[in-house]
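Following this message is one structure expressed as structure tokens.
Labels run A, B, C and D following the written order; every chain starts at residue 1.
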Amino acid sequence: MSHNSFGQLFRFTTWGESHGPALGVVVDGCPAGLAISEAMIQEKLDRRKPGQSKYTTQRREPDQVKILSGTFEDERTDGLRTTGTPISLMIENTDQRSKDYGDIRDKFRPGHADFTYEQKYGIRDYRGGGRSSARETAARVAAGAVAQLVVPDIKIRASLVQVGPHKINYDRFDWDQVDQNPFFCADPVAAEEWAAYLDGIRKEGSSVGAVIEVVAENVPVGLGAPIYGKLDQDLASAMMSINAVKAVEIGAGFDAAELTGIENADEMRAGEGAPYFKSNKAGGILGGISNGDPVVVRFAVKPTSSILVPRETVTKTNENTDIITKGRHDPCVGIRAVPVGEAMMALVLADHFLRHRGQTGRDGGVGF
Amino acid sequence: MSHNSFGQLFRFTTWGESHGPALGVVVDGCPAGLAISEAMIQEKLDRRKPGQSKYTTQRREPDQVKILSGTFEDERTDGLRTTGTPISLMIENTDQRSKDYGDIRDKFRPGHADFTYEQKYGIRDYRGGGRSSARETAARVAAGAVAQLVVPDIKIRASLVQVGPHKINYDRFDWDQVDQNPFFCADPVAAEEWAAYLDGIRKEGSSVGAVIEVVAENVPVGLGAPIYGKLDQDLASAMMSINAVKAVEIGAGFDAAELTGIENADEMRAGEGAPYFKSNKAGGILGGISNGDPVVVRFAVKPTSSILVPRETVTKTNENTDIITKGRHDPCVGIRAVPVGEAMMALVLADHFLRHRGQTGRDGGVGF
Amino acid sequence: MSHNSFGQLFRFTTWGESHGPALGVVVDGCPAGLAISEAMIQEKLDRRKPGQSKYTTQRREPDQVKILSGTFEDERTDGLRTTGTPISLMIENTDQRSKDYGDIRDKFRPGHADFTYEQKYGIRDYRGGGRSSARETAARVAAGAVAQLVVPDIKIRASLVQVGPHKINYDRFDWDQVDQNPFFCADPVAAEEWAAYLDGIRKEGSSVGAVIEVVAENVPVGLGAPIYGKLDQDLASAMMSINAVKAVEIGAGFDAAELTGIENADEMRAGEGAPYFKSNKAGGILGGISNGDPVVVRFAVKPTSSILVPRETVTKTNENTDIITKGRHDPCVGIRAVPVGEAMMALVLADHFLRHRGQTGRDGGVGF
Amino acid sequence: MSHNSFGQLFRFTTWGESHGPALGVVVDGCPAGLAISEAMIQEKLDRRKPGQSKYTTQRREPDQVKILSGTFEDERTDGLRTTGTPISLMIENTDQRSKDYGDIRDKFRPGHADFTYEQKYGIRDYRGGGRSSARETAARVAAGAVAQLVVPDIKIRASLVQVGPHKINYDRFDWDQVDQNPFFCADPVAAEEWAAYLDGIRKEGSSVGAVIEVVAENVPVGLGAPIYGKLDQDLASAMMSINAVKAVEIGAGFDAAELTGIENADEMRAGEGAPYFKSNKAGGILGGISNGDPVVVRFAVKPTSSILVPRETVTKTNENTDIITKGRHDPCVGIRAVPVGEAMMALVLADHFLRHRGQTGRDGGVGF
């Protein structure tokens, strides 16, 4: 057990606060011999980092990652390789701007973890949210890059599918669009609408929530271990652990409640070499085990409570007061959660891939 | 780690198949000295068991629980008490009716775990769904009864809040109604509507999904351990592990995506002795830690795929075929998930109560 | 984590007290498709059970095991097979003889866990030692039988090598002798000497300690995971968890402290297809990983403190008193620990076999 | 689970190779509010570091530790305090001297982990032993310093008690002597003898083993969780995980095998406010739970196999060859294991202290 570790055979542990000297992650259980590099991890981090557009936080962090252990290279290894020992990754914080947070030392920001951390621990690093800051997600994205090495054939992509009340149109869904706009949105028309909408939100000093959809394709059959090691269970856990997430669904999700048994069950047909499913309401998971179809997960991110509008709250000594966030402000934190969702999907699948292989000796797949 | 265990300090492990001689659970880590009895556990099981109304499966199981270990009583203990050692509970299966399942040996029922279990393990007990059967939830409910002993002051109740497309009206919400109708529904008017609706569904030989809401009140502040031991994360994991669940949300859930920061953040005011929240969009959890407000979780159950209508599928040898479920059939499996949701809430809270006490030496609460 | 579970991928959880209705174990993570039977498990239990000779406890327990879950059989499976789901094994207690323990309710037996259980939990089942009773080892032996199925090519055998101050002569070591005498002793001459020696001990109403050596042959190279998942570490943990064990050593063990680097290091030579070691001071483990040589573990069992001689102790209310054990009495509990040591070796190796396969995709072996 | 983590509620994860840029540890689960500083950790590291005397390795590492997370300080906290979030500690490597290891790339050093790492992973960092290097123990000592903060009233001390065949005389045992000689030896006469003896060993280019005894005093009653979370079990696991350890014993240890029940059981007498034990063969642990007496653990370290004498071995391609270690060489690696043993004792006790508090709500102690 560990409060700050996730996973069983492929397990990672993150550390670091928003205003500490650095943050990082130790990845344990990674198979040996995989080709790895700082550049490869950096590429994933660069997608996530703040200060990329006017819609995401203006904090400028280079988020440069360093590999401190778990790899080796000489003239025979054909590049840098994992050794099977723990891989320690570190990212230094450079743009903390402590003075922005001075007056929240004695007040609890509504919607943030200030109150609960203070009650639980009796002490909290209030600068930038301390350990509860979303900067921790940089460590996840770095770990996710390593996880992807374990399951190189699984293609993982995510798209923002809703911002505030505005949803995409699935008929226009095109993965190639995701990196063409500031929203990681697969629907270019929606991306346009959201630009205007979020401009308004940002100018009001307000914020809005979002929904992200993550899809993993080419997932082998058999990943997931009933009853309490189910794949969907670990995906729900993984997404819910992300800052500001309040909901997770698989496949048809909440809509499945409204369907009948006839509408919901994905019928099967004989295929070439193996059967296939006529539909995918299940989201690629049946009985907690992957069935070969794309694994589809959606999660909802609440609007950030750091807004430029005064809010009622209390002080540490239980007295009424107001609070207003100054300085940096994110109109939609959900945007930057997109690469984080991809990372969590990779981390869960890598872990389950190793666990399945451990218990069965197989890499997954259809046994026909 | 364990595929069939859940929890850290308060940990339970279930075992048993639908058509095996029995099923059961071992509860480990329960504090010593708590008053316990088979009757107390039986009471919770009786709420869950099949054959109670025409809306739930007609399989008749007495689900009699026996305590086999972990307790002790003599003339000084003031009744039967837990000893701090593992508590083994067993429930015998009596009404298996093997002959109902004979022809699904070679076919995969759509929407069920047949296909995935077969691919993962190369073998499956196809009678009644084997280990994937919802009978396993009886073990959970038994374990949940023990968990409630650890947190006796926390009041946990659940209600069915949606059946198919029909939702309750929260203005009529009354907990006292939950045990007055066959649906565990807090809205008596909705219960009436559902009766008629489900009669139709049942006669069609079809099924429909549902949404359950679980509420825990009087939860002390401080339960949950960031970043990967968050309370909402473990609740999502717990509910998603229940058979047929496809979605979980906390507080405002998916609706939070549509809210602005102003609408969503729960402001705070000074209260008597401690502050309080003006609203509860957070569902009682902030930054992964309980904030003292009711913890509110909702989860969606898909419609069962065991319906009396032929479905297209394949055989074990990848040939097209049809399949039709005969015999027992549940028009809405979500109904019986209500006590299971309560049990999972108790199990997660008991575990977090002990973990919080372990790390901080406190039982939770507001430190003013 | 779990106080009553052991292992990671191949994990078992035991339950049950000496005087409860039954005891048992849930084995989780066992691969599917392995041939299993109650008879096979019973065979290993029969080697362990009490009442077999005048040198072991006169409590007569049939120790009949039942398999309650985790297996399946039809006309195609070629006998009963594991399904990959949890295997629940139960053994009923039949010969508890409660009246033997009545007067130890208020006194702490020296050398037993009475005092510490009472302080830790505030309550204890004092009949027969409750949960601290060696009857729990029956559950381990049952679980060990299942573990052996995972590593069928590994040959595991144990021998008593010392009783009190009397050691065997390794020059006479012959595995075929182990089941030919009541001591599981590979040295027939020592067995004779011990018979006379223990007769004396038993008549005095006293007891004596012992040392057991467990050897696993044909262990593939590569099992064990540095730094904190080392094979020798888990073996030490496993043996130390057995009742009354106070010491564990691997290979040369404590003797290694007296050796020089020249004497201790096992040199290597090229062999047919793979290298071999000229000696085995390492006990088959280097750097925490198996090296292909026999894995050799020894552990010491203290003499039981349940003897027929009065001992000074205190009551629950901190008053001086005497205590004397009546009824059943074991002159050397170490004898029955021999099959338990074999079981623990199997359980650790099975777990490490799966973990190694999980992380590397290989079954172990020399990669030349 | 994790190959590189140890502990349950107080859990640490180490990372880093001998010749990598750094090594470190992440400590998770530490209670909040404890006073901490780099200086405090550095003090423990300085006791361990190489290059301190002619009897320990001549590699000169400053082993400067940095705290990167998990702490906070402002004008009200009264110094630097733990926050309850993960504490990341890092120690940079400065004196790697890569050229010393060039020719062992293709050969397996006898007695080292080269062969087994290569077989398990297919790749190894051969410089300085890579991950198998004893430099990892610096990370343990740093983590142990944090652990001591959790149990400040427990006094933990260790002494070397045997070097090669030469044992100390317990009649001369004086803790104050331990830091007065280069051997951490509580017997000043033995320390003198060892100086001469080891001078000889070192000049021969050879090495010798050792035995270390670690004692924890003022341990509260009740730590340890039967059956598989026993305190002695975790201590055995902890010590066996240290490089080059081949044996562990508690209290009378292997000698207990030679004792009778009369000699071995520690009788009890009524004391002031609580009972006490007349002797301590049990080593402070009964039934896996601490009994209030000093916890006494001894472990044996084998002689290092890195010696300046040619040894027979094989190459990676299974060909006979010789190997000789050049450069730095430790005549007795056991010396530096003394602070490591203290650290592991602290780490296990801190973990069990929190686990006991979690399950029982008490800090341990005698309930009279």
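Please note the rule applied: contacts are C-beta pairs under 8 Å (C-beta built on N, C-alpha and C of every residue); 3 or more make two chains touch, one makes a residue touch a chain.
Everything numeric in this text was worked out from a predicted model, so none of it was measured.
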{"item": "Pair with more cross-chain C-beta pairs in contact, given B-D and B-C", "value": "B-C"}
{"item": "Chain located farthest away, centre of subunit C as origin (C-alpha)", "value": "A"}
{"item": "Mean-CA-position distance for subunit D and subunit B (Å)", "value": "45"}
{"item": "Whole-Å separation of chain centres (CA-atom averages), subunit C against subunit D", "value": "26"}
{"item": "CA centroid of subunit B to CA centroid of subunit C, Å", "value": "38"}
{"item": "Subunit C, residues touching no fewer than two other chains", "value": "1-5, 8-9, 14, 29, 32, 84-85, 120-122, 131, 226, 359-360"}
{"item": "Touching residues (chain side subunit D, partner subunit C) in the complex", "value": "1-6, 8-9, 14, 108, 110-113, 115-122, 131-132, 136, 162, 164-165, 201, 206-211, 221-222, 224-230, 232-237, 239-241, 243, 246-254, 256-271, 273-275, 278, 281-283, 286-291, 300-307, 309, 311-314, 317-320, 334, 356, 359-360, 365-368"}
{"item": "Complex interface listing, subunit A residues touching subunit D", "value": "1-5, 8-9, 11, 13-17, 20-24, 26, 28-29, 32-33, 66, 68-70, 72, 74, 77, 81, 83-88, 90, 105, 120-125, 130-131"}
{"item": "For the subunit D and subunit B complex, residues of the former touching the latter", "value": "1, 8-9, 29, 31-32, 84-85, 226, 354-355, 357-361, 363"}
